[in-house]
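Listed below are the structures to be examined.
The same chain A turns up in both complexes below, where it pairs with chain B and then with chain C.
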Partner chain A sequence: MIKKINIWYLSSLIISVVVAIPILVIFSSFFENTSEYRIILRETFLVDYIFNSLILLIGVMSLTSVIGIVCSYLISFYDFIGVNFFKWALILSFAIPAYIYSYSLSAFFENYGTAYSILKGIFGEANYNHYIPKPDGILGAIIALSFSIFGYVYVLTGLSFRYQSQNLIDLGKNLGFSKKKTFFKIILPAARPSIVAGLSLVAMETLSDFGSVSFFGVSTLTTGIYNAWITFDDLTLAYRLSFYLLIFIFGLLILENISRKKAQYHSPTKDSFEIKNKIKLFGYKSAFAFIFCFFIFFISFMFPLLQMGYWTYLFPKYLFELNLINLISNTLILVFFSCCLLITFGILSNYGNRITKSKFLQSLTTFSISGYAIPGVILAIAYISFISFLDENLLQSKNYNIKSLFIGTIFGLIIVYFIRFYSLANNGIKSGYLKINYSIDESAYLLGYSKIKTFNKIHLPYLKNSIFLVIILLLIEIVKELPITLIMRPFNFDTFATIAYAYASQDLLEAAAAPAIILILISSVFILITSRFILKDQT
Partner chain B sequence: MKKILIISCFLFFFPNFTFANELNIFTSRHYDSDIQLYEKFTSITGIKINIISGEDAALEKRMIEEGKDTKADLYITADAGRLGLFDKKGMFQNSISPIIKAKVPENFRSDNWTGIAKRARIIFYAKDRVSSDEIKNLRYEDLSKPNWKNRITIRQSNSIYNQSLVASLISNNGIAKTEEWVNGFVKNFARDPQDNDRGQILAVASGEADLAIANTYYYALMLSGQKGKDQQEAAKKVTPFFPNQNDRGAHMNISGAGVLKTSKNHENAIKLLEFLLTKESQEHIVNNTFEYPIVENIEPNKLIKNTSLGNNFIQDLKTPVKEYSIFQEEALKLMLKAGWK
Partner chain C sequence: MKNYFEINNVTFAASNKNKVENVSLKIENEGDVVCLLGPSGIGKTTILRTIAGLEKIKSGNIILNGKTISSGTIHIEPENRNISLSFQDNSLFPHYNIIDNIKFGAERNKRKTKKIHLDYVVEFLHLENIKFKYPHQISSGEGQRASLARSLLSMPNLLLLDEPLSNIDQNFKEEIQVKLKQILREYKITTIIVTHDSYEAFYLGSKCGIILDSQLKQYDDPYNLHHFPNSIEIVNFLNKGTLIPATVIDEKSLENKDLGLIEGDFIKHYPKGSKVKLLLQPEDLEHDDKSNLKLDVVDRKFRGTNFIYTLKTQSDLLIQVFVHSHHIHQHDINEKFGIKKPIHIDHIVCFD
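And now, the complex of A and B:
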């Protein structure tokens, strides 16, 4: 055991502990008293809140899986008009944060909203409000969340579809399977791990979402968390509710794991890849595939972009008022330092796990997922509480003051980003490492390579693409990130997201459009740069 | 060279050090016009202003946890209840200078914080669907009566403005009567509570409901054309009405501010508060945010003055706004129990 404790082991351990801070804080709430809101909640809306959370979860998961799977199926196996365009265009939905999607949706369909103006423009004056559907409440939240995060399912399922063993599909054909049967009996089951991976990301984003849910006024468990914290000043109860959410998500993941145990999945080795001949579609079939993909592309990306563009066109002064240089440099600073930190430690931890082969370390890193599953605001607050606790109880007597270093500084902000996005970085790098066979390491050692040299000369070149991909994903996430930035930032520090929020909270979505559109464009550019990596896998 | 690099790196990462002539503000008001006022203040006094804006509860939590190390000098937020609760935690110091005392009516301040602008939460109705008899002498209290069944729209119970409104009813009528009122009121909802205040006014314009409760500046924002032509037209279909004109007056709330107990620049903070209460600043606020001035003898925004919103209505000066914080929690309890989503 002692022998095992080396620098790799230690650094992995430290990362796991840092990433586990929010869980520790949230769990500690079970040792404190709550207010009477707990009883009121139980007597009034608790069942409703849980029910709504479940409906939201089921709704978003169903919609994202239908959209994601159908799109990637069409694009992976068929050739139709625009297929090469949709292949990457559908990923652009990643550039739209759920909160901006919500603004667009609500502004378009509200009474006297954009839809009304369009109808009035075409058909003249009349009260169209009654005929315009109102996707508000839980329906609005489901739509906004689904269209802004279905990309997870689309990308991951697509990867699995494209690299599925052609042999299996041929086998199906030889057995006389129809297309439908091939899809349901062969393609879909083989892609299950990827679909589940995509859906679990969707589930976590949905349950930890504050923005769209509160924008549409849907009362979910997050409403309970908010009421507990804000009106009843009962952060303990807020933490507890977050903990239940977390347990629920872990429960889902474990359930999936158990049900998967029976089935074995072999990811095909490189040799078994065959360039598939896509089936060419003609006539109405081609038209249907085109229309479906175009519809999804339009609704997920063009619709919010057009709504924001329309406002920016109507009120251009808000665009000119933006301090672009400052905002871009702030964003780049955050991205640069977060990436350095996340990539370095992601590699350290993965390399450490690889060398030590410690089961304990590997199970510790699973905690990192909590960063993704706990609502951003709660994550930031838990971090602040933790630093404050540390300062007051452990360090005060020694006259150290860590608060002003860790709260309200860029450094502190980056640490919380670290906690939030560590699972993304870690898993991204892990997927790269999984492709490097252990025997390569052994061979390198036999050739007299040191561990460092093995890493530099052998691992790094293999990992290059994974790292690149992780950097871009982090960039997109950080550009969009709102709740953590809002509370952790230093004085006079803005990003596109915080400016958009500031206008939106004054009920001036028209003004929020300008920063939102730039945010979307920046993310889109980076998505386009990397689309070939995202789509092609990294082998 | 190396040293300079290290020091500049350090300053960059930890720019939490403050310098002499500064003032650090935590604010949940995000108006551009506020920032213009701060810039003006800096140009007059030379005091540099640093800002962090965000959501009230999150900002408060950060200041509380930062404790005596917080750099915040002044906290600005919209809602008297929130200011009161924050004060109860011992976060403010007495910052009511003689100038502030003289300018701000007693009702709109406490010992430790003061209002800087006012807003009224009033009724908006459709003239063609609400008879003049029904609207005449209408009081908030009347809205629980059965003749309003399925006609009223208002936002959710977690809206702090609603909690303050119900808190003011508790303060005036007691818990038991208010409970009865809330139960009746919720039965009169035309639709499930949703949207912000502007959404309520639009619902009346489109015919979804006959009467809405909303803050006045949302209405003025629509009238101003900043929400587009169609919403401007829609606003004109709705008539504002000030309730309780024959007794205590319309429900008022404030945007307000308090100086933190731990403030290292409290003199600068008081200077800013006094600056915000000058005639020019008040006019600037009123003209940009469509709120009502907190200082007397200031004309409200033209848009407000020219509509029936005016300035000539009876404001509730009987219920001190600091009482909202006492009853907000009770208010939310009653609202939740009555099934107010």
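And now, the complex of A and C:
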């Protein structure tokens, strides 16, 4: 064991421990007392929180699976008007954070909102407010979340459909299956792991969503956690609720694993990468496919974009009031330093794991990156409590004030980003590494290459696409990120997301539109850059 | 005399199940080629990986050119051994084309005075047409040839080849075997080849080791392995002869109840009357249409230059005989086949 400890081992260990801090803090809550709010909560709102979370979860998962699977099926197996456009256009929905979608939804359907203005423009003055539906509350949250995150199911299912063994599909034909039977008996079951992976991400995003549910006033476990912290100042209870939330998420994953048993779903043969001959659709079938995909594209991306654009056009003063240079430089600072840290340590950890082959280290990494499932709000407050604990118990006697260094500073914000997005960076780089057979390293050593030279000459050129992809994905996530930034940012430090949220929370949706549309445009550009990778083989 | 390469009492273990114990093996001269034969999963690859430094050893030692490279306390890192290993799955760098992959090998031999020329290797391994392709665009056999080229070009102190020709088309295989042997001899590249093909091993290796039951059972030159196997396990593994029961008559002969008297020189003394198992190889028997020793033909294989007949004795023993393919009379299955009497064998190999 001692012999194994070297620089790689040590650095991987440190990263894993740092990233695991929030999980450890959450676990530690079971050794502390909670306030009376726990009893109040148990007797009053807890059932509501759980019920609302469940309804939200079921609603979002149902809607995203229908939209995601149907879109990816149409695009993977059929040729119709605009199919090549929709293939990448549908992933633009990733550019719309659920909270901005919620603002758009509210702005469009509210009394005297955009829908009213359109009807008035076409048909003249009337009491349209009475007839315009109001998708607020839990329905609004379900719609906003579903259309902004269905992309997970769409992308992952699409990958599985496109890479499914042609033999498998040919076998269906050979057995005389109809298209419908082939889809339900062969294609869909074979894509199940991908669908489940997509839905797991959807479930995690849904349960950890704060911006959208708080905007629509839906009480979920996440808002309960936030309330426990802010309103009742009971951090321990907040952690316990988070723990239950985590258990809930892991429970879903374990259930799926058990139900799958030992069935294998992938046949990674060379021919599975062949481009299948798509079925050409004509007439009404082609029109239906086009309309369906266009509807989803329009509702998920164009609608919030147009709504925000419309308001920015109506109220241009809010756009001119934005301190763009300041906002852009703030965003760039966060993106640059976070990416540097995440990529460096992601590589270090992966390379350390690869070299040491330590099972303990690999298990620790797996455990620590499971923090991805923890809502951003919890991550931030767990981090604050950890720093406070260090400050009060260990360092106060030495007159160090680490709070001022780690809390309410850009440095602190970047560290929590690091914890939040480490799994993304680590997994992105890992997926690149998984494609490099270990015997490749051994070949390099046997050709006289040192470990560093092997990394520079063999790994790095091979990983550059994965690293590029991870940087772009981090950029999109950081630009959109809201709860951590809200809690951790220094005074007067704003990003497009926090400005939009600040206006929206004051009911100034028309003012939130300008930062929101800039945020959408930035994200869209980077999504378009990465679309080639996202739709290819990076999962 | 100092040996170029030595393995002394080393246990090679990838896992508790997969290990080869207490191996000792010597390569006397630089440039010698040694082949290791054995069934799949016995641990041959583990031996190569350990010699290359990819696995460590707990006891014994491995010495290359007078320097201990592995022992219980010493472990020289693979990159510092100048030993090249060509993996069975080729392990080409996926993001470099074939020619760039091969050039990686040349980087190591920059300082050497005698070099193998890149074009020469590319030509003899028939890699011209795939030079600019990427590893995923070529077949596994082509990948093996490219990997072999890279290893050869590195001019290592010791070259380790793991089933180097297993995926190569039969029509290329023999040609490559010939050229590989030439190049190894010409450039005095000491080589250990792992294979399960005994013909390949006997052709390429000046010595061969057979690994069975977690042990190096016999390490000898190919002639001796074929003619003087030291155990029944080796006979069964090489599968080139039949063991038949016989009784020792005197110092020059023994008898089998179906085949009669068998004469020859014993390589080991057995007392008169001993019951033994005699190794009968296909080349030991001679066809004779006029002989009164007739056996039933149960199978006939045409091998171009000869036929291999499988014959059944009255006691249901199956023995094989070679017959020149120009022999005018072919014997069909169930026909009688004459064996020249008395049977004479150059060297009689028996087991208790």
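Odds and ends about this structure:
Definition applied: the second predicted complex is superposed on the first by the 519 of 539 C-alpha atoms of A that agree within 3 Å, B and C clash if a C-alpha of one lies under 4 Å from a C-alpha of the other, contacts with A are read in each partner's own complex, and residues count from 1 in each chain.
Keep in mind that, in the parts below, a contact is a pair of C-beta atoms (placed from the backbone, for glycine too) under 8 Å apart; a residue touches a chain by one contact, two chains touch by 3 or more.
All figures in this text were calculated on a predicted structure; none of them were measured in a lab.
With the C-alpha superposition on chain A as described, chain C and chain B fit side by side in the combined arrangement. In the overlay built on the shared chain, the residue A:Ala89 is in contact with neither chain B nor chain C.
Taking chain B and chain C in turn and counting the residues of chain A each one touches, the greater count comes from B. After the superposition on chain A, the angle chain B-chain A-chain C between C-alpha centres rounds to 160°, nearest 10. When the shared chain is aligned, chain C comes close enough to touch A:Gly448, but chain B does not. Using the contact criterion defined above for the overlaid structures, shared-chain residue A:Ala144 touches neither chain B nor chain C, since it reaches no partner.
Within the superposed three-chain model, A:Tyr112 lies in touch with chain B and out of touch with chain C [touch as defined at top]. In the superposed model, A:Ile517 makes contact with neither chain B nor chain C. Legend: residue contacts after superposition of the two complexes on their common chain; A:Asn492 is shown touching chain B, with no touch to chain C. Contact with chain C, but none with chain B, is seen for A:Ile458 once the two complexes are overlaid on the shared chain. Superposition on chain A places chain B within reach of chain C only down to 37 Å, the least C-alpha distance between them. Shared contact residues on chain A (touching chain B in one structure, chain C in the other): none found. Per the touch definition, chain C reaches chain A in the complex via residues 49, 52-54, 77-85, 87, 89, 91-95, 104-105, 107-108, 150, 154. Interface residues of chain B facing chain A in the complex, by the touch rule stated above, are 12-17, 24, 30-32, 50-59, 61-62, 65-67, 69, 71, 85, 155-156, 158, 160, 163, 192-199, 202-203, 205-208, 218, 221, 226-231, 233-234, 328-329, 332-333, 336-337, 339, 341. Residues 40-41, 43-45, 106, 110-112, 116-117, 120, 127, 129-130, 136-137, 216-217, 219, 223, 226-227, 229-233, 235, 314-315, 321, 377, 380-381, 384-385, 387-388, 391-392, 401, 403-405, 407-411, 483, 486-487, 489-493, 498, 501-503, 505-508, 510 of chain A are the ones touching chain B in the complex.
Those residues of chain A that touch chain C in the shared complex are 435-437, 439-440, 442-451, 458, 461-462.
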